[in-house]
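Report on one structure; see the data block that follows.
Lettered A, B, C and D in written order, each chain numbered from 1.
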Amino acid sequence: MLVVMKHGASASQIEEVVATIKEMGYGARPIPGEQRTAVGLIGNDGAVDSGRLLGLDGVLEVIPVTHPYKQVSREWREADTVVTLANGTRIGGSEIVVMAGPCAVEGEAQILDIAHRLRAMGATVLRGGAFKPRTSPYAFQGLGRAGLEQLAKAREETGLAIVTEALDPEGADLVAEYADIIQIGARNMQNYPLLRRAGKTGKPVLLKRGLAATIDELLLAAEYILAEGNDHVILCERGIRSFDTHTRNLLDLTAIPVVKALSHLPIIADPSHGTGLRAKVIPMGRAAVAAGADGLIVEVHQNPPKAMSDGAQSLLPDQFAELMTQITVIARAIGRGVTPSLVRGRTG
Amino acid sequence: MLVVMKHGASASQIEEVVATIKEMGYGARPIPGEQRTAVGLIGNDGAVDSGRLLGLDGVLEVIPVTHPYKQVSREWREADTVVTLANGTRIGGSEIVVMAGPCAVEGEAQILDIAHRLRAMGATVLRGGAFKPRTSPYAFQGLGRAGLEQLAKAREETGLAIVTEALDPEGADLVAEYADIIQIGARNMQNYPLLRRAGKTGKPVLLKRGLAATIDELLLAAEYILAEGNDHVILCERGIRSFDTHTRNLLDLTAIPVVKALSHLPIIADPSHGTGLRAKVIPMGRAAVAAGADGLIVEVHQNPPKAMSDGAQSLLPDQFAELMTQITVIARAIGRGVTPSLVRGRTG
Amino acid sequence: MLVVMKHGASASQIEEVVATIKEMGYGARPIPGEQRTAVGLIGNDGAVDSGRLLGLDGVLEVIPVTHPYKQVSREWREADTVVTLANGTRIGGSEIVVMAGPCAVEGEAQILDIAHRLRAMGATVLRGGAFKPRTSPYAFQGLGRAGLEQLAKAREETGLAIVTEALDPEGADLVAEYADIIQIGARNMQNYPLLRRAGKTGKPVLLKRGLAATIDELLLAAEYILAEGNDHVILCERGIRSFDTHTRNLLDLTAIPVVKALSHLPIIADPSHGTGLRAKVIPMGRAAVAAGADGLIVEVHQNPPKAMSDGAQSLLPDQFAELMTQITVIARAIGRGVTPSLVRGRTG
Amino acid sequence: MLVVMKHGASASQIEEVVATIKEMGYGARPIPGEQRTAVGLIGNDGAVDSGRLLGLDGVLEVIPVTHPYKQVSREWREADTVVTLANGTRIGGSEIVVMAGPCAVEGEAQILDIAHRLRAMGATVLRGGAFKPRTSPYAFQGLGRAGLEQLAKAREETGLAIVTEALDPEGADLVAEYADIIQIGARNMQNYPLLRRAGKTGKPVLLKRGLAATIDELLLAAEYILAEGNDHVILCERGIRSFDTHTRNLLDLTAIPVVKALSHLPIIADPSHGTGLRAKVIPMGRAAVAAGADGLIVEVHQNPPKAMSDGAQSLLPDQFAELMTQITVIARAIGRGVTPSLVRGRTG
């Protein structure tokens, strides 16, 4: 961390900065320059609160030099983390993993039907919300525990792993009983009690980037999970807020290579929420794989116009098949593959 | 809601839209135009999920005409809501209310000292975090229940009302035992289980706008609280995310007159988080009052360079006194006043 | 265009809206609803100024239904526009076109050397700035006319077409004398005198999206060129402004399929400016092709650390060769190709 | 400027950075740290291109320490710049200056009528566009030179100074013949040939912040004008692009105290374009003055529903009078005044 003094800062102001840094428990090294002096803060682990320094007289700026996260960083662990699920699917390795399913679990028949179809087309993880965070309190909020049971039944029949969202700390425990991956949604990316509890379950966690979250904030949110001793974390780019109204969100695919350079954690993309428009899901799913994503999570529904939520962005099963075909070729073009279909379900 | 068909949409595509609207339980009225046909959706209460319609063949766009919130809107209740606290402070009336205090409760001596000073300078509500949502898991996370007890003691001694943040549903119950106002922070604006639980306590709730939240989303988050039968909600503009790095956030003061036109709920501003810089708190606090805010929430610390969090944006007590003087004149200029200092504390 | 009245708008307010619409020369059709009345504006060509209506008493909102652009739209022309250059390169057809070169022309030896290398690796258009728009008035501003002459010499030797930027109307005439494509940079996307003059030259124009431009504004800027009778327009997504500081801009690849649906014009991507980081250019170049871009424009420099501008985002020649190899496979995966290398230069 | 090396950067990589800095003509000072080494760049005047350094092996980040602008900075000139107009109005002194008028000059009768009314209500500068930059090529583009002549006539009759926009370099010369202040609009903030030409005229220039311009970019654009020897520059905050659709732009009032700290130039606010909504102009005009703006520029029209552009954001004359009354009280509250009405027009 570098404390830049104003042009003309007095010697006593510089001394006050040095003293404050020492009081905070770090070393201080003044660096005189032609226009102004800077003071380096030495010995920090990345979590220094710059506030105390920024408010001192004569201070122009405080510039962080080290990143504030630790266990999620490439410097902490050089090799890629690979998250392995109960059904053998490996996320973060050389193969692209595809998670697919409806926005919400709407009933047993629906989820079983789509699960069988998706497995046949090459998905290895089934998505579907049992607890839905909805912008309006009057919108459909999910089937709750019944939805979790239906997902578990779909897993039993197809061998697909299950990813589903938890909305609060108790929900994380409940979801952990049923699911292979606990999803933390974009709205909850900085819901720290939820992150901690999900971390404590020891289960893989899919952490979606918040709509206004910087990449550093996404990594710091993941750090909350790792700080609980759980490094089975999969990051997910799902679109950020921007000013154009043609799409629901702005899918920031550059975040993928940026995260891969900063962190050892796998990162996937959600082109369904990332665009909000069915017709854009296939091109952006392709683009995400081309950009280096470790997987995709995609909404697919048997009959999107009758979906209870997010119908406009759900692919039809035939479109999903087309997406699988195209990303398989693209994955090969960049030296990767797509996870082969599960050989057999558990009941197979 | 208006479903706009593509130029050249077929009659059967239009019929499909009409049929889908009817199946959703609403009325449908086709409106032929010169370039294209639109279909009006009639009889909705504002909470229609446009997804099913947006995905139909021949549909170009779905345009919401009514707003999706209900109880928070001016159309639901014409008159301003005034939230009255136990110490008699009224928020949303003709007088500006000032909430002030340190970012975090750091100990009994600290909070009692600042509370007495603030009361003497005209604050009527004391702020201070006992549970702190911190971007890094390694930063100071607050004193917890001990902090709540210290706040309660400060209330007892000074008569100031207490506002402090809850981070999860159980926390909301705990905070409700001690505080006069439960604060929901920006990161939790769409933490629906927390919103619901805070609503159920029946206590006044201070709801801060999320960093990427539209004004409609802020109002819908408030709707979650009102839907629990609790209309003691105070909204708070505290800065949104933007691209300039000179300030921590971008304080969107225009949101104040926009919210006042759409909703009957009171709205205050937080120039401390809204700018992140001590030197900008006074001008932006003044500007918020001039823009029509019903109050301010401001960080003040006896010794900002030693604050355990957010020191850089905390005012010194003398600066707070200057702010109070200036906003008193500005409030008068627009026909309002500033809540008079409490005549005496409970122990007085 | 739909004028939505407030709940409780009076009959005379509705009549005033109808009268104003008629005075503006359009038809008006009131549409009574359960909550409120709307008035449809009929017979417009997309360029109605909503201001007059938005300011009338009783008006809640004015919602545009038709888009404000005309000649650039798919409804105006169904088939893809293909822009053909003098050297036979076709932009907007089934093949991906790659434009490459240094940020700025730095001298004859430099530009000739890189042009020969790029042609050998498969580029068909040479980029290089002779007039550079620089954020600081003290930065290198380009070689001017000498740079144009050096570009022309490179074309003569290699057969590559030339694209270079014009900064003002006279500059457009000058650039048109030398270049095959006149580039309008992001900062000038709404420089209307420049757009008009570039349109009048009849030359192909490469129009880059502004940092804060919506997709509709990009299309309207193109409309200025088409309105001069010049439909040889190539759009370019080059990153928009956002809040994350890891990349220089945020490359909005979803804009590519969005533009392809709205307009018949070709659109390419600039992953160099779009990311600002050399290491991200290859993954994002691949992603752009996967998303459906008609081409790429990429900065390549013999010795990026010595480049006079934008060195940090310039590829090395070897990296460019790698990019060409990878996008060739990806193009094939989605049924497209990459423009084959020019069979021979003019001097061949 | 500080070049931060990666953890584990080799000695030869550090030497390469040092050598490159020296080759660029600056001094280099390595600063070893516990986690990584940084290299300080010394002796720069603020305009260093970081690109060459950012692309070197082993470099993690390049952090600018000094700002890239020079003559516009407070460090260059400590005292506030006051721009004095021909009619004696001083901008940047202790008094708030109000510029007002229609969006566009629509004819002699209109502009003379409104000019007389505005002068009577306390405006000292008349605004009105003769050349209008319109998003659509089919919208009204202004009266051109005839509009300038009508503005000049209004000045002659009322003594008001004139501010009007120039769109291109020749336009700047033409506007300079007629107007007291040449306005550079938001779309042209980085139109460098226009900035230079406006600078060369020696006339006062009103420079509006671009929709996606950082505060540093605004100051650098102003630097282009000062670099021509013209320091009569007035900056203007007029709203930036953001994601909420309730307002046309997001008025960033915090930019005002930020600019006042960084630069000696005066800054005013445009609450008309900044909000796009008539009902928000008065509260935000008040807020701008409370935040420390040196003036306002406001759209006022005799009959906004019949305005040829921007009717929705134009105040009625009575509303303008109310605004003047309110800001006069607020100016006094912060120790300033509002420029007194001109004692007499030139023809008086």
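Things worth noting here:
One rule holds in what follows: a contact is a pair of C-beta atoms (placed from the backbone, for glycine too) under 8 Å apart; a residue touches a chain by one contact, two chains touch by 3 or more.
Keep in mind it's a predicted model, so treat the numbers as computed, not measured.
Touching subunit B and subunit C at once are the following chains: A, D.
In this assembly, the chain whose C-alpha centre lies farthest from subunit C is B. Averaged C-alpha coordinates put the centre of subunit B at 31 Å from the centre of subunit D.
Centre-to-centre spacing of subunit A and subunit D amounts to 40 Å, using the average Cα coordinate of each chain. We define each chain's centre as the mean of its Cα atoms; on that basis subunit A and subunit B are separated by 27 Å.
Shared interface positions of subunit B, i.e. residues touching 2 or more other chains, are given as 212, 240-243, 245.
Considering their complex, residues 212, 214-216, 240, 242-247, 250-258, 261, 274-275, 279-280, 283-284, 286-292, 326, 329-330, 332-334 of subunit A touch subunit C. Subunit C meets subunit B in the complex at residues 2, 4, 7, 29, 31, 33-36, 38, 40, 42-43, 61, 63, 65-66, 75, 241-243, 245.
Contact residues of subunit D toward subunit C in the complex are 20, 45-47, 49-56, 68-70, 133-140, 167-169, 171, 187-188, 190-194, 210-212, 217, 220, 223-224, 227, 240-241, 277-278, 304-314.
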